[in-house]
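Each chain carries a letter (A, B, C, D and E) given by its place in the written order, and its residues are counted from 1.
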Amino acid sequence: MTEAASRLPVSRLGGPEVRAISRIDIGLRRRYAAERRFRAYGLAAVTIALCFLLALFGSIVGKGYTAFQQTRIAMMVDFDASIIAPDGDRSPAAVLSGNAFRFDDLIAASLQKTLELDPDDEDGLYDGLDLLSKGSAPMLRSMIAKDPSLIGTKRSVDFYATGDVDSFVKGTIRADIPESQRLIKDKHIALIDKLEKDGALHLAFNTGLFTNGASTRPEMAGVGVALVGSLYMMLVVLVLSLPLGVAGSIYLEEFAPKNRWTDLIEVNINNLAAVPSIVYGLLGLAVFINFAHLPRSASLVGGLVLTLTTLPTIIIATRAALKAVPPSIREAGLGVGASKMQTVFHHVLPLAMPGVLTGTIIGLAHALGETAPLLMIGMKAFIVEYPTTPLDPATALPTQIYMWATEPERAFTERTSAAIIVLLAFLLAMNSLAIILRRAFERRW
Amino acid sequence: AEQIHIAGSSTVLPYATIVAEAFAEANPNFKAPIVEGGGTGAGLKEFCKGVGDDTIDIADASRPIKAEELDACKAAGVTEVQEIRIGYDGIVFASDIKGPDFAYEPADWFNAIGAQVLKDGQLVDNPNAKWSDVKAGFPDWDIAAYIPGEKHGTREVFELNVLLAGCKATKAYDAFIASGLAKADAEKACAKVRKDGKAVDIDGEYNETLARIDSNKTGIGVFGLAFYENNKDKLKVATMSGISPSVETIAKGEYPVSRPLFFYVKKAHLGVVPGLKDYVEFFLADQMIGPRSPSVAKGLVPAPKSEREQVLADFQAGKTL
Amino acid sequence: MSAVQAVTPFETIRTPDAASRPVKIHTVAVKVTYGQKEALHGVSIDIPEKAVTAFIGPSGCGKSTFLRCINRMNDTIAGARVEGTIKLDDQNIYDPDLDVVELRARVGMVFQKPNPFPKSIFDNVAYGPRIHGLARSKADLEEIVVTSLQKASLFNEVKDRLNEPGTGLSGGQQQRLCIARAIAVSPEVILMDEPCSALDPIATAKVEELIDELRANFTIVIVTHSMQQAARVSQRTAFFHLGHLIEEGPTDHVFTNPLEQRTQDYITGRFG
Amino acid sequence: MSAVQAVTPFETIRTPDAASRPVKIHTVAVKVTYGQKEALHGVSIDIPEKAVTAFIGPSGCGKSTFLRCINRMNDTIAGARVEGTIKLDDQNIYDPDLDVVELRARVGMVFQKPNPFPKSIFDNVAYGPRIHGLARSKADLEEIVVTSLQKASLFNEVKDRLNEPGTGLSGGQQQRLCIARAIAVSPEVILMDEPCSALDPIATAKVEELIDELRANFTIVIVTHSMQQAARVSQRTAFFHLGHLIEEGPTDHVFTNPLEQRTQDYITGRFG
Amino acid sequence: MGPLWLLALIAGLSFFGFVLGHWKSVVLSGKGRDALAARPGYYGAYVLIWTAIPALLILVVLSVARPFLVEHTVRVNLPEQVLANPTQLSLEISGVRQVATGLKLATHEELEDIRIGVVAARSVFARHGLPLGEDVKPYQLIAASALNVVSDGLNTAVDIAVVAALAFGLIFAFVRVKPRLRARNLVESTILAILIGASSVAILTTVGIVLSLLFQALQFFSVVSPINFYFGTVWDPRFAAAGSTESGQFGFLPLFWGTIYISFFAMLVAVPIGLFSAVYMAEYATSKVRSIAKPLIEILAGVPTIVYGFFALTTVGPLIRDFIALPLGLGTSGNNVLTAGLVMGIMIIPYVSSLSDDIITAVPRSLRDGSLALGATRSETMRQVILPAALPGVVGAVLLAVSRAIGETMIVVLAAGVAARASLNPFEEMTTITVKIVNQLTGDLEFTSPQTLVAFALGITLFVITLGLNVLALTIVRKYREQYE
């Protein structure tokens, strides 16, 4: 009676069976070629991506690894009490105050001894001083202030050589060009040779690169403040953007009624990702600094602004991941009497976690390298002192990198690359936790 | 505000940081000042936002403050602004170290990158493709000039002291006037740069220009004196009107391409922000911007002593704009 | 084991009782529309308490659809619209004030396609009791899990691998796992959508045994394609066809003496 | 219609023939291990050409596992390891040189859980013919789709909604869709894992009809939990238990005169 | 108590509330009269919410109100002539605040000395490490001590209010814990409210962005007509010579074209490489390779853009110039659209690859099996079954990548230059909207000029354009999405 039944006998004659008897060519050769091509494209894509990474890494590390060492000049210093504490007061406060030039005298004295100069040879002394960092006297002063028991002793102190000397010793300033074009003069080269022969001039691990704050002297400049600032900012970003992003996505994807409004919001959030980050800087300036009166240059504000820039990434990734969880899982949860909330948090979210974490990894990576918005809120700045709280002025690794990249001194070039290495190491450390977590959540079903 | 907060021109930034660092070392009881870059415009904008805790105290500038900006300042309550002139910035032309020596006249630059130049007595769209077209004796290089971007203060100096001067020297200026342009418009036309890719605006920093010359060995770049000094093993500087740029020639006013540098202080903050007054005075000291100072070592062209003394006196007298 | 031996798949009807019972679920003119398509055209039926009601009917006639209305699982399908009245113990379950979660806790469901959580077997079963706080202690919980698995006659097969994922089970095992998961929360009403479709006769017999046992305390609705099964386990049978409820009544009546010709035809396999 | 009417679900064995046929699939000592767990402990069986072989056995005994070995679907499960020999037409299918794609095109499969693609019903069926280039034209393709749907006796139910997603079908409809999808590429061997589990008796009868018809040209292996079904459609029956092949032989032999006690027990439902 | 202490107190009491609620519900259910309507944990959470949220709200409200109260106090204590100058007020207030801090530092005797005027407050404060800019004026002292009184009072008030709220919430909720109480629903509605709050952050951000751009954009349009802006083909906002009012040409089209062109090349690199990488990692690679390759590729997203920029400038650009552009006679510049697109494409590969990989992996295996069993090759399965099923996620990933490309500046500046031009030749210099936004905002130009304001107009225009792009993408996804199961 039914159509199907009446057609059945007819279809028996034609249809697949006939073809089946003489097996048709299913184009395997062509399809395999396509398959191989497809696979090769995939492999090529991964390889290309990794090659790019390698090339970038190679160029950064190649330029930057030398900055992890630094030229020092060891000199015997006579911590002459009559110079340091002429009035006998050896307290740190007294060391810090008073005539600042007395420390220069200490250095000059020990330099004269090290170079075996005639005490009247002023030119020789100045040439020698040219090799030493201009920050040597403050360094000596804070050294004594920290440990007043040094006063009256004789001690060998490792002074920093200036950035130019450092670059020369490492070979980035070449000696084989005419003196007029050279950044370092013949007389200085002679002194360097002499110091090297005496063993006073040597390379040592550059701890200051990690611990010092900003300085105009490359030999004393470090990413310490920037590191702490970035750390604070990333903490703020992580603490705010991950929960906010995940919570927002859960609402939009699982709870919000599906209508034009939510469409609008979805489009909107996708669109937020395309807003240039400097605009977020403007927003942050208006909202957090001008309106909420949070301090300028503070890592808290930086973190807040970066949170806003990261949110869209996390939300988009999370929503995509939530969408990818099959509905049968939700039904299973609801079917045993779990509330929607429970189903989402117990079953759906864990399955979406890899996507959430990917969003977090990429979002944080982006946030960590972002400079433009920080410019607007005063975080591309020269800051010497460590921030103790996220409300103190700080700078960030990428802004530090940009600032160093614009410095003319040769010694900053390698430090720029070194700072990039530090940033990448920071990134890796930050991501590895997320990557481990992601591995734990990944399962196929 | 517990500490001095400075923002503004990235040209002034290096000197401001040198002084800030030295100031902090000399005065351990004050917190170290914070120095931001960001550009003159952005710095002045922050500066003119108002007075009070969460505004900056000093704006660095590579050009004098504009009247509109001062008005905006006043409207926001920043009524008393003190101007400090700290010295000069020299602008040099340099090419790859391996290339030939260049001796420019402003006219050469005008002929090389002006939008319209005089050719056989006629104003035409710049036809010169190679430096050798500009002047016999120049190498047979494609013109590739890396000049400061339009938003840079340096650009103004370049236009005024090089292009306009060259324009006048080649009589193109007269031709513009003759074609019926008003004086101001003629000056504009002189400063117009060709847009066919031979003149490349650099909005970034001098390192970018250097990198561009690295990748295009026949390019000519515009640099700050300080930058050149630090890279003279890679760059060869050109003379302008026969004068080789150096701190001395610029300070003496012989080398034509330079501009003054400033910073602006909020007078209202002087009493409130600890160390602000001391900082300004410290900045103006010989040890900071005098001829043997670290700022000069970094490339600042010092102002004559009398000028510096005058600036300090004006500041101490509380002179405002 | 004796119970199992007594039931052989080729035997026939296990004479269900025909006692009349209070109504547990009362539905009037339930219509369901998926987008444009009306899948149910107004179904009114009363489902008695503490008895097994079987839904039979050709594939695609709306059995699952109706079942999913009873615990409002259709809410989760975008575009599905339910009209009409469904009352559970005199309470309208589509009342906006009603707590769906509580409803679903009271009305459990075994889905047609087994859908274990991608968690361990233990956690699959323990999930319901955990969220409903049915176990006072760990031991308690373990007991619930073990009993549920035993009742679903899965325990022996999986006792060594309670910590392995439920998704790594065979089709029939997954189905039993879902049964165990549903009964672990001991809901008042259990909706089972073809719970034995992937089970061998012995497992089927055991599940039927379980159903028979459960009906002492619970109300059970079961969708089945097996007339024998309907005849064996249910007290009442409802026959659906093309979105209509054609006939409903005590199972023995429906099977031996149906009112409608279509029912007769379907049951005897003479459909068309 | 006559064919359908002849089959009533309560009738018994449709006497399968016992003719001996060439071997299509020859397996020796097939062992399958999932991670640590050995699911099949060495199964050796010959499956004859152009006949229906039924696999029966309790849930979890390894039927699906074995079935999945025959077209190497176990390759897709991480941690599954297959040992032993499986030959299709004298070719070892686990030979590294073997072309899996071709194998799978020759050996089709209907899964235990229906898994329609999230595409339209039409595209679900057309997918196979399209990738294999079986249709010369659009009309050709349409004909293949329609015939396949008709054979799976789904066409009437879905003819108005061929462009709607296959995932919006009822459980039984999905199952038939998957059958249609599998036969649309006309493989030499069709592996069906409980193809009728979600079907009503009439649909089941039609699918059995289809299987009967197909065996004229194809080799068919079917997993079923219904003894009646096995008896009706298969020529040979294999009984699995706990990962072992217990017995295999002509269906009437196995059902009427099994060699093993366990087989006897299982068939009569007296298991344990 | 400081705010941190208060927060700690709130946290502690909330936890205590949780324990109490939990305990009470357990005890009540143990009596066995009524079954609990929810798990004990929910009763705990119920009490926790009641304890914490009112207290937190009060703390937030008072903290927000506090500066206003303080400012008010200072104001009433300042003399007329100071108040007369409203713009100086905030400065005065900060001065007073410093004095107030100093007063707290000083010892009792010193305070007495300051009061009677024997010593200058400034020197006393300096002794305590608080440098002041100038001498303390008498009215400042008065205002400062008033401020100290008020702020001490406020501290106490906040403490009391918070403690009261805590106590009230805790007791109220504790009393209400009954077996019949539907704690789960209450807790879940609170969570839902929090979720809604979280998603509204995104909406507020949008509002904020639009507002922060709109006014200045309008200001710009009052100077430059929108028609000239949107249909202008020349971008040449000339550096206005000193004192002049002329503003230059603001043609939007070349920037728009540059943005599209560069993003197009970036996507040309990123989408195929990203998608194929994702497919390879999800389908072909061993789990070991995948677990290494995926995080490595993700690093590409975190390399600072300046690195990419210099990489483009010093390596890629010259290569493209010397090996493609020059031989073809298409251009002589090392800065070109192609370089920028290529390098930017590299940066955004991980956006496409990692997200897509996750989504592809999330597609249920049964679909894959279904296709493979039909004799489909892996690539056919991937292309025809899995990718369509994963479409929304993949499109989301691609959109994210486009967004990133559009928002990038450093790479464009260094790789493609800053010249605003529209040309079809990809070996020429061009630039993007975002570059100009950043440049116009950060240069030495005066901030009131149209040259700076144009950044806001560009920003809002870009916003609208990308909005359109996203609407388009949403429509496409809606149309082609294949919802599994």
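To be clear about the criterion, contacts are C-beta pairs under 8 Å (C-beta built on N, C-alpha and C of every residue); 3 or more make two chains touch, one makes a residue touch a chain.
Source: prediction; values computed, not measured.
Engineer: Could you tell me the least number of steps, going only between chains that touch, from chain B to chain C?
Structural biologist: Steps on the shortest route: 2.
Engineer: If I average the Cα coordinates per chain and compare with the overall Cα mean, which chain comes out closest?
Structural biologist: E
Engineer: What chain pair has the highest count of contacting C-beta pairs?
Structural biologist: The chain pair with the largest number of C-beta contacts is A-E.
Engineer: What is the chain whose Cα centre is as far as it gets from that of chain E?
Structural biologist: In terms of C-alpha centroids, the chain at the greatest distance from chain E is D.
Engineer: Rounded to a whole Å, what is the gap between the Cα centroids of chain B and chain D?
Structural biologist: Each chain reduced to its C-alpha mean, chain B and chain D end up 83 Å apart.
Engineer: In whole angstrom, how far does the Cα centroid of chain A sit from the Cα centroid of chain B?
Structural biologist: 31
Engineer: Any idea how many Å lie between the Cα centroids of chain D and chain E?
Structural biologist: 56
Engineer: When you check chain E against every other chain, which residues touch at least two of them?
Structural biologist: 184, 365, 375, 377, 380, 441-442, 483-485
Engineer: Where in chain D do residues touch at least two different other chains?
Structural biologist: 1, 4, 78, 101-102, 105, 113, 131-132, 185
Engineer: Identify all positions of chain A at which a residue touches two or more other chains, and write them in rising order.
Structural biologist: 1-2, 5, 26, 31-32, 35, 293, 327-328, 339, 351, 375-376, 405, 444-445 - these are the residues of chain A that touch more than one other chain.
Engineer: Which pairs of chains touch each other?
Structural biologist: A-B, A-C, A-D, A-E, B-E, C-D, C-E, D-E
Engineer: Looking at the complex, which residues from chain C come into contact with chain D?
Structural biologist: Going through chain C, the ones touching chain D are 1, 4-5, 7-10, 34, 37, 56-60, 64-65, 112-114, 157, 161, 168-173, 175-176, 193-194, 197-205, 225, 227, 266, 268-272.
Engineer: Looking at the complex, which residues from chain C come into contact with chain E?
Structural biologist: Of all residues in chain C, those touching chain E are 99, 101-102, 131-133.
Engineer: If we count contacts the way the header does, which residues on chain C are in touch with chain A in the complex?
Structural biologist: Against chain A, the touching part of chain C is residues 71, 73, 76, 78, 101-102, 104-106, 108-111, 113, 115-118, 127-128, 131-132, 165, 167, 178, 181-182, 184-185, 187, 272.
Engineer: For a test of understanding, state which residues of chain E touch chain D in their complex under the given definition.
Structural biologist: Touching chain D from chain E are residues 287, 365-377, 380, 384-385, 388-389, 482-485.
Engineer: Can you list the chain B residues touching chain A in their complex?
Structural biologist: Interface residues on the chain B side: 3, 5, 7, 10, 13-14, 16-18, 20-21, 24-26, 28, 31-32, 34-38, 42, 46, 49, 53-54, 56, 97, 204-207, 224, 226-227, 229-233, 236, 294, 298-299.
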